[in-house]
Amino acid sequence: MVLARVVGTVVSTSKVPQLGGIRFLLVERLDAATMKGTGDHVVAMDSVGAGPGEVVFYVAGSSSRLTPVTEGRPADATITAIVDEVEMNGTTVYRKDAS
Amino acid sequence: MVLARVVGTVVSTSKVPQLGGIRFLLVERLDAATMKGTGDHVVAMDSVGAGPGEVVFYVAGSSSRLTPVTEGRPADATITAIVDEVEMNGTTVYRKDAS
Amino acid sequence: MVLARVVGTVVSTSKVPQLGGIRFLLVERLDAATMKGTGDHVVAMDSVGAGPGEVVFYVAGSSSRLTPVTEGRPADATITAIVDEVEMNGTTVYRKDAS
Amino acid sequence: MVLARVVGTVVSTSKVPQLGGIRFLLVERLDAATMKGTGDHVVAMDSVGAGPGEVVFYVAGSSSRLTPVTEGRPADATITAIVDEVEMNGTTVYRKDAS
Amino acid sequence: MVLARVVGTVVSTSKVPQLGGIRFLLVERLDAATMKGTGDHVVAMDSVGAGPGEVVFYVAGSSSRLTPVTEGRPADATITAIVDEVEMNGTTVYRKDAS
């Protein structure tokens, strides 16, 4: 899975019927060492109620269909978790309350 | 999913039978921060009637077969939505009418 | 799918039985803007009788098994179409007869 | 599969139900020639009890669901082995006890 | 599929049960134009008895499970062929006996 930050939203009215009712979030991949954005953006389906600015991870590929929200949907990236804390080499590099 | 702009078409007569009746669009991936083209192009199947110049997103991988148009087809990229609006960090970076 | 040019062949006698009777072509990915090779090569299964120098597109991933030739085969790239014409931003950047 | 080192952990309480009970490890991909980190990090599910600092390999894509721990889970990267030794060009470039 | 050279082996005793009896080879991707290594390494399952120094191709993704050796295994890269010859633009760039 990939660490990312929710940075925006994407709105579409002309879309395939299988996308009805889905919330599309724009996420920016994070460099785990610095927790800064890498400039790479992905449009991900939201399955956890993630909000702007939150650090999440998303799953790519066929597994992005394995959530209650995205089952049977044409997904290739789905946010499956809001991240509380990232620890690296014994140091807390991110904590939700502290951000 | 990946933000992209429809920049052209690809025509083929010698193809596997499973590709009959499919419209192949050439799309250029967009840098979401600037909404400019990155120079990376993909041939995507159209499932929403997207036209030249339109901003869309496409789905990659096995999910590109999960639309009414592409079911059972050898697809790895399918346009599933025409984008109306992209909002990033509280700013509208793209609106269809304004482009 | 990915625009590419057939640049060669790969021959193997020691292979898994599921590869019997398959033609392996070496293809070079093309930059769609210039239709020049990028230097990135892939070994693709041929399902359309593509020949040396021809511009094709191939499908990657699980969909590369969805052709009459490659069904049930361990494929991750299959040529599914010989390209007749590529149009970009209103200009014909490639036409088969003209190349 | 990809050689990587376990460098940390990721904690999440707000997540899809299919992620319950899974341990999320932060792994850094390794350059096999030097066995040094590349700076690329992935969040992987643990299926072998890997610990901090250990060299492992993980599997990506749909196969990351083919372990007793991750079956049916929305995974795209799962640690499936703790590496004891890596030999390259006749030289042992990594041995677990020696690290 | 991807041209690569077998450059080493990876040994693991702590692994998921589905990996029992599998031989893990370290392969280096090749630049087809020069047949030299690119410095990118992958851990691949062997299904053809490939040996050190041999040029092979491997299949990635779900198809890496479609061999007698790897069926049902958590694989994302499997060597499916030992390469005898690579021809590019009318020139033999690699022949097994000649290397």
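The first chain written gets the first letter, and so on, giving A, B, C, D and E; residue counts start at 1 in each chain.
To be clear about the criterion, a residue touches a chain if its C-beta (ideal position, glycine included) is under 8 Å from a C-beta of that chain, and two chains touch if they have at least 3 such contacts.
All figures in this text were calculated on a predicted structure; none of them were measured in a lab.
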Shared chain contacts [chain B and chain D, defined touch]: A
From chain A, what is the lowest number of touch steps before chain D is reached? 1
How far is the middle of chain D from the middle of chain E, if each middle is the mean of its Cα atoms, in Å? 21
Please report how many Å separate the Cα centroid of chain A from that of chain E, as a whole number. 33
By the touch definition above, chain A meets two or more other chains at residues 61-62, 64
Round the ring, from chain D on through chain E, what is the full list of chains in order? D, E, C, B, A
Per the contact definition, I'd like the list of chain A residues that touch chain B in the complex. 7-19, 24, 26, 39, 41-44, 52, 61-62, 64-65, 72-77
Interface residues, chain B side, partner chain A - complex: 1-3, 31-33, 47-49, 57, 59-64, 66-69, 78, 80-90, 93
